[in-house]
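Listed below are the structures to be examined.
Paired with chain B in one complex and with chain C in the other, chain A is shared by the two complexes that follow.
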Partner chain A sequence: MTSTPLLGTTLYSFTNEWVSARYTLTELLEHVAAAGIGPGVELVGFQSIRNFPRLETAFIDEFHETVDRLGLVPTSLAANIDIAIRRDRDLTTEERVDYTAPQIEAARLLGFPVVRIQIGADPATLERLVPYAEKAGVRLGMEIHAPEGPLTPKVEAVSRVYDRIDSDLLGFIPDFSSTMHRISAGLAQTYLESGLPADLLPELQRIWAADGGQGERLGQFIALAESRGVPAATASVVASAFTMNGHERPEDWAELMPRIFHVHAKFYDIDENGEEPSIDYFRNLGPILEAGFAGSISSEWEAHSWTPNDELDTAALIRRQHDLMRRVIAKVSR
Partner chain B sequence: MFDRYIIVENSLRNVRQGSDVVGFAFDARCGYYRRLILSMVEELDVEVDGTPVPRQDVSLTVGGRTYSLDEMRSEYKVAWEFGEPATVTVAKPGGLPAGPHDIRLAEQLRISYLPVPHTPVTTQTLTVSA
Partner chain C sequence: MTRPELLLGPDAAVAGEKGLEVRIRQPWYRSLPLSSVLDVAVELDGTPVPDDRIRLRVNGRARRIAELAPCWDEIWFIQDEGAVEIDGAAGSPGDEIAVAVAIELAPTSSSTGWGR
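Now for the complex of A and B:
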């Protein structure tokens, strides 16, 4: 057992710090380094970089100088394909390639070895992007996020496309939002604050955990709520539980090896025992490590959506989550 | 997602053109986790003290340029950068009386991979100074 993944953080975890302009990019990188939650660092181009994917030389130089000075390691640059830019039609394959190719080039210029792409990258677009990735010397990792999972039909279709294109530049980025065993407690709390009666939460948890598509389970919950006198408009606030939190089988991530070269270690909270209450890290990360994963892992804290700015302690939470991942790594190495 | 932060605190003011007050304005942040091209902003629904503002009276100023909601729909280049407030202006002769007002903003944002527009919404009480 020789897998030694590189731990790190995606700056997306610091979304609230960004929205309130608490840090510049350089200052945030300094914060990550000082907090010891690197050395890997990932960022979302359209979040962290003004005018992305256009990069000024001074920006490129400052980024390199900063990561070198701090001992940080660029791991993954998260790209987006906004196929619905226009109201009248989706972008054509040509337009999707034109939208993504500069983001791949930006990764090269900034020293990121991986570009995160999303399930919206259809087979024709993927195939056209491979030469750009080859030229830039970067790999394209498709993120698998809830409601998709390791073996859901859309992902299996991507695997078949990968088989056909047969390029080792193409792979997957699991996001543990797909493979949770319960709805995040913080997310559930936001439903109560939106007016959902507390006695419906156990029912929500039960229906969420059952079989069926996300729309089907959401419909079941809304019908149940209505039968208890709760309006559908109030009950439908729980839709995000079905889109943000998936319940696919964590062990199945290993089926995607060796095509996994980066991981989004999604988490919401770390409890007093050092565990993620809604995501079993031993079941999620363990099998991938046993299958030989030695890529990079970004901590992706997403409870910022509902955590008030004055209660933020993002770096400390990520440190505790890194401790949890080190425990998983140590157990697998034994 | 970041509903709470889409209206910038203490940003409400009346807008003058010469000696006339022609409307009021406040600053707003893009309510998604990253920047969006303006064409992806479907609507900016504004209510003042419970009364909806007519759509044609609403405009957004980004990087020194002002767009009506219709003009934004075909702006495929300029973006509303994340964390950089833009200005929402409402045309209203005389503006708002000094004092507190409840401002409600709903941003309907067309996100490619979401089935319906992502719609952060918040209501804040902002004060127009005398």
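Now for the complex of A and C:
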């Protein structure tokens, strides 16, 4: 290995601080820079930018001035392919293109080289977006998030469409939520708070880790819970474990090279040994690096969903996760 | 998935022009179109408030919940508080009121284009 990836942070990690309006965008970028969890910075357009994807000149100027002043590097702008914004019907292909193209243009205006797209971009939409990406000079990375994984049927279908369209601008963004080895402890704790008996947690972990589709495994768990007198309504709180935490094989990410444009380094916690207890970073990140990935990596802390606001220590956690990733990078580089 | 404290702050209920106002945020991570707000239900001191007395004020405009459905091209910015206006609810500064607000949001994305 001669080149190393660029570490950074997605502002999505600061969702709780953001939605309670603790920071303006400029202030949050300053916080990221001061905490040393850049230099890469990713943001979700519909989270961080008012009136997105319409950008005012003053906003564009302030963003450039801020990242330049702070030494930050825009990496990925997360777009949303909201095909279900209407109540009466899904957006047509034409409307999906019209909805997404301005988001691609926003990436160009703000200096982001990659646009995160979602699996809501069906084949026809993808093909029609390529000319917009060419014009803007940006690459489109489809995020692969739980319950999908590197080689699940939907993602293999995307790969085949990519083969057919044959554009260097179409690729992937792995998210390590797909390739975990246990349910995040914090997520499991929320189930206990919702009334799931604690003695069912080991059974949940066992069924979660077994073979079978997510719906099938969830059904098995609910049946087991009912056999122990727990109502299905109580047991179904665990559905999110099957949709948000995937157990695909981490090494398979490398199969997607050289189409990996950016990585979402999903994490929930860092333990006293500096490890992510539910995501093996050596098995997830190592093979991607060995396959030659030298792009950008965003730390994506997602335990904010259940962390009380007064216990947030987001930047410190991300620093420790960066340390973990540096250990993986150093091991691969040896 | 977002914590309840992010929906309703400690000083969320205030006396407004026409009655009581409850300040809320979207319990989500990003801005959504108004069409994504499927329902807003309010209870005051344990009593449900009828829909025709409830309006949601976002972007400076108050609408009944049923009027939100066609507003798929108007965004509610995630950092902006919305106000639930409750017509005729008596309230004056200093009153103690137990307020419960439930908001139902619809997902905006789907992966149906890839089969399975």
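Rule of thumb we're sticking to: the second predicted complex is superposed on the first by the 333 of 334 C-alpha atoms of A that agree within 3 Å, B and C clash if a C-alpha of one lies under 4 Å from a C-alpha of the other, contacts with A are read in each partner's own complex, and residues count from 1 in each chain.
The criterion applied here is as follows: a contact is a pair of C-beta atoms (placed from the backbone, for glycine too) under 8 Å apart; a residue touches a chain by one contact, two chains touch by 3 or more.
Model, not experiment: these values are computed from the prediction.
With the two structures aligned on chain A, chain B clashes with chain C. Contact with both chain B and chain C is seen for A:Tyr12 once the two complexes are overlaid on the shared chain.
Looking at the shared chain after the overlay, A:Phe59 reaches neither chain B nor chain C.
Contacts of A:Phe282 after superposition on the shared chain: neither chain B nor chain C is touched. In the superposition on chain A, A:Ile83 contacts both chain B and chain C.
Shared-chain residue A:Asp122: touches chain C; no touch with chain B. Which of chain B and chain C touches more residues of chain A: that partner is C.
Annotation: chain A residues 12, 15-16, 18-21, 44, 46-47, 50-52, 80-87, 118-120, 305, 308-309 touch chain B in one complex and chain C in the other. Here chain B touches chain A in the complex through residues 1-2, 4-5, 29, 33-37, 39-40, 42, 73, 76, 79, 81-84, 110-113, going by the rule given at the top.
On the side of chain A, the complex with chain B involves touching residues 12, 15-16, 18-21, 44, 46-47, 50-52, 80-87, 118-120, 305, 308-309.
Per the touch definition, chain A reaches chain C in the complex via residues 12, 15-16, 18-21, 44, 46-47, 50-52, 80-87, 90, 118-123, 125, 148, 153-154, 157-158, 240, 305-309. Put simply, chain C touches chain A in their complex at residues 1-3, 5-6, 25-26, 28-33, 35-36, 69-70, 72-73, 75, 77-79, 106-116.
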